[in-house]
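Just so it is clear, A, B and C label the chains in written order, and each chain counts residues from 1 on its own.
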Amino acid sequence: MRGLSKSFGGVRAVSDVSFAVAPGEMLALIGPNGAGKSTLFNMVGGQLPPDGGSVLLGGDAITGLGPRAIARRGVGRTFQVTATFGSMTVRENVQMAILAHHGEVWRFWRPAAERHRAAADALLAQVGLAAQADRATGVLAYGDLKRLELAIALGNAPRLLLMDEPTAGMAPAERVGLMHLTRHLATERGLAVLFTEHDMDVVFDVSDRILVLDRGALIAEGDGPAIRADPAVRRVYLGTGATSGGH
Amino acid sequence: MDSVLPQLLTGLATASSLFLVASGLTIIFGVTRIVNFSHGSLTMLGAYIGWSILTRLPRDPAWFALGILLTALATALIGVLIERVVLRRVYRAPELFQLLATFGVVLIVQDATLWLWGAVELPLPRPRWLRGFVEVAGGRFPFYDLVLIAIGPVVLGLLWLVMNRTRWGTLVRAATLDREMVAALGVDQRRLFTSVFALGAGLAGLGGALSLPNASANLGIDLSVITDAFVVVVVGGLGSLPGAFVASLLIGILQAFGIVLVPKITLVLVFLVMAVVLVFRPNGLMGRPQAEAREAALAAPVVRAAPPALRWLGAVALVLAVLAPFGAGDYYLTVLTDACVAILFATSLHFMMGPGGMASFGHAAWFGIGAYAAGLLLHWAGAPMPLGLLAAPVAAGIVAALFGWFVVRLSGVYLSMLTLAFAQIAWAVSFQWVEVTGGDNGLLGVWPPDWARSPRVTYWIALALSVGVALLLRRALYAPYGYALRAARDSAARAQSIGLDVARLRLVALVIAGAACGLGGAIFSYGKGGVFPTYISIPHSVEALLMVLLGGLQTVAGPIVGALVYTGLADLLVRSTDLWRLVLGAVIVLLVTAFPEGIAGAARRLWLRGREA
Amino acid sequence: MLLVAGLNAHYGRAHILRDMALEIGAGEVMVLLGRNGAGKSTTMKSIIGLLRPTSGRVLYGGRDIAGEEPHRVARSGVGYVPEDRRVFADLTVMENLEVGRQPAREGQRAWTPARLFELFPNLGRMRDRPGGRMSGGEQQMLTIARTLMGNPRLLLLDEPSEGLAPVIVEQMAAAILALKAEGLTILLAEQNPHFAGGIADRATVVEKGAVVWSGSMAALRADDDARRRYLAV
């Protein structure tokens, strides 16, 4: 994958935004509530069709495809509110993703329990959940659920991973742990990661580059120190830093 | 052209009555989140009570108006009673249990009304002023229709004022959006709910009483009104008053013109309109997306295969079942055959409802389509039983695929109501298309060939087919398809994000469930020697739900156990009392109010308590 | 003012609170720290009555309110601001406030929309706007204002900074400090240590439904080990 560029014209929620994210890169998207982060995310993920512009994945246009088609082309996603398959064990959650990736869903006879078991266990080991493989997802601690979501997304072997506020609701120490894990996986697999985040400690710590969105438009782009020093960003988003860290 | 205006006015009058009933239903749903099945029963009570009051009063307009208001008051009080005795205990119960509880009320009110007023239709003697005509644009129109037409908008206006200009109305609208939060802000939910229910019930009674001069008080009102009201409320958008008004107009006018233009398929037309509206606006014309139930986040337990002990138990039961004909008499063999059919009926519903997450309120439709497919083939083409048994699931599966195309896009209550409406259409077709289906008399002489005629052989065939299909369904659930289906139910968004086609997974589940259920219908017909519209009736659909819920949704064995228990109980009940509806209704209400978290939930609670003690 | 002792609560079959304990004096601001699922929200829901605790006591002003209906607890002077805001989306700002309105208690200066608009000037500029068409920060202010309309003496604030831009979080902190200055007792659940640090007098850290650390904010800052583990700063 060489990168992703996109631009939207004429949409008010997000207007004429262009950017690219490279394999192995962690790109953070920040901005005030209502700036259009979710809209942008949903257009890349296929939940919303863009009114204008285009989304390219490795050179192929995926603009306007549905979420399922986009997922099949290699865009993985984690959700702000954790969404796992509650009636399955941790391992089965990952097996399900691998089954879907291999297009083995429409099989009615052979039991699914043994399919791709080893591959699922390998992924769980990578995110540090090997010991929990047989537990129900309902009893997992919140931080572990987030790791499971990551494993499910990886089960679909994505080239681009969209993470919507991945650390929301986690304790500060866990946040950094999860994002370092993501960072490691991104480097190892050449995975491009686009994430939104309100915790500036996390943003400045793990991202390679930061995009700042305000009222649907890109107002700044750059690495941590550049963004922190940007007066416009301080005004609309960061404030004085007294209650948000990152100072 | 001459017939357009009168039909329009008739349609508007119908719309007014519809709106009165539907507005009550939609307000009650909005606040309590309960789909009140007994709303039609309140309308029916309104008609009967109205009849009893109005026939005792002087017959002039002022007394008529007073009698109508008294009736509305009386039904409001009955509503308060129902709310306090039944609904108050199930507000925290799962949606389906609430529906079942209100259906229990339907059964109780049916028998109570029959017992109080008798089986004969009660028409209201119409004094002169009620029969009067008014000249409009050169035509003569029934005065009373014009009165009805005026009442609709007046009631809408009054309700709007109450909802938007009073504190009570503000609280009601807030509770419609988030009742828990309203309670946390210091508002007494119980009083709010009771008052809302009283208003809704009063409106239902008003609708029932006002329909008297044009119709009569009869025992069919409850289910026919509730179907119409469901359609209106769903088309308008659950919880939306203006939506209910617009939808009433739409449906009322459609019915009025439909009866003139295409009398036989008016109901089908109504259904099509409903389907089209829901395809383009899945939440109805003016509805908003249903907020996910906040407390429903309780994760479904992990599905695991049954322990070996249970499998052995199942195997032993199966051997006993195969040997049963050597020990049981003919009567018990027919009951056992019914039980086999019930297993198909319940496991097929469980398949789409448990793992598939689609709670159907019209499962009897597939049963009936299978039965009629077999019956009609035999009746019109002389097809033998094996062909009938093959055609039944195929026919039910094909219809399920057509119907499923839009139903799988819906969820929750909308899906339940659409399935219910569809079943009502199927019922109406079987009932009204007399030339083909034999109407009420049904198709007779649907017997198996001679070699399979003895109760013993019929039973073995039924047993082999039902157990075989149940095992196939189980197999599919543990295969990748079953996992994917559950994944789509657990989290549709997550399922899509890993590339699963949620709509198609659900559609296939519906087709499989429909086909399996259709097979059950065919077996049942051969066992009884006939096919009748009652196979598709609402009570029959509810039976399937009862079986599934009795056994529990979470296990594959659950619906089988539920089917057996229910068949046994029903057999016992029907043989021992005439008032079986009342008893059954009371049992349902008792079960649901005693175990509001479901039978499985109650067992869990007892277990937890035992552990901590 | 509030004493929680031996509180146990289940959610389904999960045991969420295990002998939870808290004590808040009048006029104090106490922060509950802990990760998601640790039991902060469950503690608040158990106090207000949205969740019925399986055992334990919740003494408020000397009276045990454990297991009481939420509207009774609310009317006795406990205000609850839920974590996910839950404004009534179809109702206007003024109507949202009306739903929260309850009579003031003796010796209390009653909250009115006019006074609330001084505290949250943004809201005063959008009186007739439906709650659903406000930004996250505005909704958070509305939900606090709505609860204040019930004239509470004790305010339960569940993660008021969650998901808000840093610049909005600053405004929120200023508003809460103003409430503290009015003498309101506040129980605050937070994940954001910077935010909590500027407001709270004392902290209670919960893990897996039980208290693992408790003391003044100054003590928490001084305790290197606790600070690293619970604040990660």
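Here is the rule we go by: a residue touches a chain if its C-beta (ideal position, glycine included) is under 8 Å from a C-beta of that chain, and two chains touch if they have at least 3 such contacts.
Values in this document were obtained by computation on a predicted structure and should not be read as measured data.
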Give the identifier of the chain nearest to the protein's overall CA centre, each chain being represented by its own CA mean. B
Decide which interface, A-C or B-C, involves more C-beta pairs in contact, and give its chain pair. A-C
CA centre of subunit B versus CA centre of subunit C: separation in Å? 43
Rounded to the nearest Å, the gap separating the Cα centres of subunit A and subunit C is 31
Subunit B: positions in contact with at least two other chains: 299
Shared-interface residues of subunit C (touching two or more other chains) are 12
Give me the residue numbers in subunit A that touch at least two other chains, ranges are fine. 138
Flag every residue of subunit A that touches subunit C in the complex, lowest number first. 31-34, 138-139, 141-143, 165, 168-174, 176, 198-200, 235-246
If you look only at subunit C, which of its residues touch subunit B in the complex? 10-13, 48-50, 54, 69-71, 74-75, 80, 82, 86, 88-91, 95-96, 98-100, 102, 146-147, 150
Spell out the residues on subunit C that touch subunit A in their complex, using ranges where they run on. 12, 14, 34-38, 135-137, 161-170, 173, 191-195, 198, 229-233
What residues of subunit A sit close enough to touch subunit B in their complex? 45, 67-68, 71-72, 76-77, 79, 83-89, 92, 95-97, 99-101, 104-113, 115, 136-138, 152-153, 155-156
Touching subunit A in the complex, subunit B uses residues 299-303, 475-476, 478-484, 486-487, 489-491, 493-502, 505
